[in-house]
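Each of the next two complexes has chain A plus one other chain: chain B in the first, chain C in the second.
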Partner chain A sequence: MTRVSRNGVLAVLAIVLLLAVPDIANVTPLSFSIIHQGILFGMAAMGLNLLLRHTELVSFGHTAFFGAGAYGVAVLTAHYEVSNGLLLLLGAALAATAIALLVGYLVAGYLDIYFALLTLAFNQVLFAFVLQSGFFNYNDGLRVRVGADRPSLLGIDRWLVSTFGADPIVAYDYVLYYLTVVVLLVMVAVTWKIVNSPFGRALDAIGQDRTRARFIGIPVDRYVWIAFTLSGLYGGIAGGLFALLQLHVRPEPVLFVFVSGEILFMAIIGGIGTIVGPIVGGIVLIYLLRLARFYFEYYHALTGLVLLVVVFFLPEGILGSLPTFRAGLERRLRDPTLVRGDAATVSTTIRQRLYRAATTVRILVFGVK
Partner chain B sequence: MTDATNPAANGGIDRRDALKLFGGSALAVALAGCTELLGNGDGDDSSPSETGDGDVPDEPIQAGLQTFREGAPAVLGVQAEYGAETAVRRINENGGVAGREIELDIVEEGSEQLENYQQFVDQGKDVTFGPISSGGHEAMVPEIDDQGVINVATDGTVTTLYEENFPDTTYSFRFQNHDVMEALSAAKEAVEVLGADNIDTYAGVNPNYAFGEDEMALFSAGIEKLTGAEEVYNGTPDLAADDMSTHVTNINSEEPDVVFTSCWGGDATLLLQQAQANDMLDNTELVVGTVLYGSANDYEEGDLEGPIHGGSRNFYWDQPTTDQWTPAADLFDEVQDEYGVIPTAHFMSGYGAVTAWATAADKAVRLLGRWPDQDELAMVLEEHGFFTPAGYHVMSTDHQGYSSAHFGEMAWSDEIGGAILENVNVYAAENVSPPPGTTSLDWIDSW
Partner chain C sequence: MIESLLTHTLNGLYYGLILFMIASGLTIIFGVLGILNLAHGELYALGAFLVVTVVGFLAGFVAEPTGPLSALVFGVVVLLGSLLAAAVLLPVGAVIESVFVRPIYEREDVYQLLLTYALLLILVDVMKFLWGTSPVSTSSYSRLNEIPTTELVGFSYPSYNVIVILVGVVVFAWLIWFFDRTKTGRIVRATAINREMSTAIGVSTDRTFTLVFAMGAFFAAFGGAMNSIGPSDAYLEMGLDPLVLSFVVVVIGGLGSLKGAFVAALLVGVISRWTVGVFSLPQLELAAPFILMAIILLVKPEGLYGTWGEIE
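Here is the complex of A and B:
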């Protein structure tokens, strides 16, 4: 099978899988709601990855845009009684874009740790502002309901209720999920288009060497600013959908700086070299963050262990490592004696890492000499 | 739903036809995941009311508690956990609820109160308890009404929650006294200690979030009505602040008659330590705090020197005095043996939430002769009165718990190795909370 046709089959399979998530959750212990949340955070991570993968800029403040989108929706419902889902998502997109434009303008000229710290600082400022503001109802947050009613999702959910007698809550959850899938597919298509466009190539050039990129005529700061804004827009839409799913927005889950770290982890876990890897990372990490606590007392350690495994053994992320993994598996199926070499490699790797750790400790305690 | 694994059930469709239908049909893709939406999910259409059929089920009651088990709020949350565990242990040792034992799962609430509740419901819990966080509680209430599984919050005490934001909730309840009760008890305690004529000025140091804002607004309204005092300083430190000296300095310069605080946990400890270090207790007549006593296990002797009066919401183990009411003393001994801590009002948050639900369920079974569904249990919980070692409690029609509040002078006890209250005053619920249907601020305004 050619690579193109194989990718096509995989894409169709992924879409079918996405569409079937509610039924899969019905017949398995998987949680529909958690997968939905994972996809939404994954969408924000996909936006972040636009920066990370191409411009090689690490943002520690991307939940600012996720939170801006979520609060955009919440403010419109709580203070202005807007209940049209489309208008609410538009509000989310506008709020996140406005903040991304502002922050992006201020940080686009910075590199490395300065860029990372500036994004973190803006995130923290926004979090503190919302937390201390009566308009945003402090840490109690805002409801995404007009009275007790959920927003209307293009009228489809209510049509399903009136025509088929569907349960209103189930109808809302399903329509919102499929709306998320549609938005996700559009985002993937747009991202694919961007990364394969001259603009995407220019971002790659900026990531590789800013000075050279500037020498060949690329308006570096402006392109980074645009990429940053696009990235924030992705986060804002994801945050808006998250608000519609949770129906209540509070500062900690959507604006706290640690959530920015989580979004970054999602991109890394899924694979920053891929377009949809962050979605996989989002689902995996949200599962660990939300549900591990129900099964493991030291669930924080579990999250850390998974990250260690990914960094040490799957440096390309879950999705990014699949081709290497598959090729390795095929080779071992042909020649099982390679497994012995694997064991030796693992043993050597562990020995080397322990030696390196001991060396680091020795340097810390006794100095370089 | 078509059973794809059984050809007889689906009209004899064979594997080839099924694959053709699934693989070749866009409709199959379009409808993927929609079976529940179209009403053909698992075929289980039974509503909760149809499950009870004259009998009480044999299986244990599945309950879930979310509380803070780590970080700064654990000073409150772990007490609630101990309280809930103790109530469950006692209930199970005494034959359970109408013969059914309770199995309690406990989970860290973090900032995911809504998700935790949803997961508990997904796991098929019969009842859920918690959270501590007022913000998390607010986020949960509409979801609780959507899901229809009763939650009895241990805390989350913001007054506006049930008064204004959710006056018509069905399945959401809160055991602990709410903010108006403790803020007004604090105001009345100040008047009791100093006399209304001697209070001309007051200041506040309250955590910078909804709970702190709520407490200060209610205390201000109450103290101004009772004494005509004027606010001279209002400090709002962030949660888990690492410095309170700005507030201490401002209070020292204003020298108010009363300082009110609803700081809790490490913030309460830090405030008192820096107040002692900077002689704040010499520059004010009284420090009165609603949740100060919640840190009873964390203070050192020197932290409590001076006129500091703390509240213990609806539970102080020495009130009523143990010669009149031994259950509280028995509970204190049991908790000391089991956990080695002084039980605080947050212990009673967990204990009382479980007891409120369990006694209501027991009552409902006796009334109905069968296990109640969620609607019936919610109905019984409204206006449900019950005893705990802290005395008599009522879950009112507004879904808030009411019982007496205790305030007293904080002192150090060598015998106990922690903080105690001396000269305790007890404030009856009707004196520190509005009648049903009236909001707290309107009620105070009408004094």
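Here is the complex of A and C:
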């Protein structure tokens, strides 16, 4: 099979899997709502990855946009009684874009840790502002409802209820999920387009060497600003959908700085070199952080161990390491003697690590001669 | 009016110096190893929990303070206890560095962040396992306050806060002395400035890095110990805010500069107490350090002082 057709088959498989999630969740103990949340956070991570992968800028403040999107929806429903889902999402996108434009303008010239911490600072200022503002109803947050009604999703959910007599809540959840899938597919396509455009290449150049990029005539700061705003827009749309899913927006789950960290880590877990890796990372991390607590008391440590495994054994992230894995597996299938070599490598590594740990302890206890 | 201004300033200094102790650890780790240690807040929390156990144990050996003198004895015991609790973090820090952090120096920054985040999560559950989920406290705060301060500062003020301010200044002075005057300190600085060159003249960078990480862990834990002897309890989520705030401090001061971290910690401490006490803007308390940081970075992108190695 050629490479292109194999990728095509994989893509079709992924889409079928995505469409079948509600049914899969029905017949297995997987949680539909958690997967949905994971996809939404993964979307934000995908936006962040646009910045991380190409310009190598680490943003610690990406919940600012996720939160702006969520609060955009919440404010429109709670204060202006808008109930059209499309309008609400538009509001979310606009709110996030506006904030991303402002923050991006201020931070575009910064690098490395300064960039990371400046974005964190703006995120935290926004968080503190929302937390202390009566307009946003402080820590209690806003309900995403007009009266007692859920927002309407293009009228499809209402239509399902009136024609087929579907349960309104189920209909709403399903329609919202498929809406999410459509948005996600559009996002993936757009990202693919951006990444393979001259603009994407220019971002790559900026990530590799700013000075060189400037010399070959790339307006570095403006491009970073545009990329930042784009990634903010992704986060905003994801946040808007999240608000529609949760129907209640509170500052902590959508604006707190540690959620920013989670979004960043989703991108890394999934694989920053891939386009859809962050979605996988999003589902995995949300599962570990939100759901594992019901099954396992020390779920933090469990998450930590999974992350350690990613760091040490999957250096390109879950999705990014798959090709290497597959290649290695194929080689071993063809030549089974290689396995013995692997076992030897593993045992030497373990022996070396133990020896080093012992040396460290010895130095700590007895000092150095 | 003046007295209230003084009280709030002293509160700010107290808060700032605790921040400095945490941030100094973060600063030296970042300055020498180039690692932004997200688990630093949990090392701080670990110090806070440890001090509850250690001081609780030690305080059983001394009598309840009745007069100034016995209160002083009690104070010394508590201080020794917190040093001891923080010292536990020396081997812990060394093991974390040599086992987990050492293999990833060459990797991209984001993986270092992910690794230290993983350590943060694991440490949280280690503390949950050892001390449970409910807050714990040493309850030695009120007894420490029996050391009279009225003579010391001229008006009534919790003497515990004064002790912390003095300890913080001593920590700063010791750090400056260590990095400026001792041979080990100079070796660490040399490694920070030029890794290859110091390896060439025979410095073992591995050992230096382990030492620095252990030191950083020690000061984080000492900050936590100081905080949890005071009126606040040790609780599981306590590491988050100090971690973020010590980032702020480190960045305002200029990455890795000890003097910068000192000045920035005091600035952050005093300003955040003033927003509440003097300007009566409690709604700005959360945001004040971040607004300060944003302004300083926008005006002076390198922070207030230079970078590591050149202490001055």
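What we mean here is this: the second predicted complex is superposed on the first by the 346 of 369 C-alpha atoms of A that agree within 3 Å, B and C clash if a C-alpha of one lies under 4 Å from a C-alpha of the other, contacts with A are read in each partner's own complex, and residues count from 1 in each chain.
Basically, a residue touches a chain if its C-beta (ideal position, glycine included) is under 8 Å from a C-beta of that chain, and two chains touch if they have at least 3 such contacts.
This one's a predicted model, so the numbers in the text were calculated from it and none came from an experiment.
**Q** Which partner chains sit in contact with A:I268 here, chain B, chain C, both or neither? Use first/second/both/neither.
**A** A:I268 contacts chain C only, not chain B.
**Q** Would you check which partner chain A:L131 touches, where first means chain B only, second means chain C only, and both and neither mean what they say?
**A** Touch status of A:L131: both partners.
**Q** By the touch definition at the top of the document, which applies to A:L48: first (chain B), second (chain C), both, or neither?
**A** Neither partner.
**Q** Considering only the touch criterion stated at the top, classify A:V257 as touching first (chain B), second (chain C), both, or neither.
**A** second
**Q** Now for A:L106: first (chain B), second (chain C), both, or neither, which partner does it touch?
**A** A:L106: touches chain C, not chain B.
**Q** Looking at the overlay, does A:A166 come into contact with chain B only (first), chain C only (second), both, or neither?
**A** A:A166: touches chain B, not chain C.
**Q** Does any part of chain A touch chain B in one structure and chain C in the other, and if so which residues?
**A** 131-132, 299
**Q** Would you pull the chain A residues touching chain C in the complex into a rising list?
**A** Per the stated touch rule, the residues are 52, 58, 106, 109-110, 112-114, 117-118, 120-122, 124-125, 127-129, 131-132, 257-258, 261, 264-265, 268-269, 272, 297-301, 303-305, 307-308, 310-312, 315, 353, 356-357, 360-361, 363-364, 368.
**Q** List the residues on chain A that touch chain B in their complex, please.
**A** The touching residues are 15-16, 19-24, 26, 31, 33-34, 37, 131-132, 134, 137-141, 143, 145, 148, 160, 164-166, 169-171, 174, 177, 246-248, 250, 252-253, 256, 289-291, 293-294, 299.
**Q** Spell out the part of chain B that touches chain A in their complex, as residue ranges.
**A** Going by the criterion above, the answer is residues 29-30, 32-39, 41-42, 105, 107-108, 110-112, 114-116, 118-119, 122-123, 133-136, 138-139, 142-143, 145-146, 158, 165, 208-210, 213, 236.
**Q** Enumerate the contact residues on chain C facing chain A in the complex.
**A** Answer in residue numbers: 36, 38, 90-91, 94-95, 98-100, 103-104, 107, 109-111, 113-115, 117-122, 124-126, 128-129, 207, 210, 240, 244, 247-248, 251, 255, 283-284, 286-287, 290-291, 293-294, 297-298, 301.
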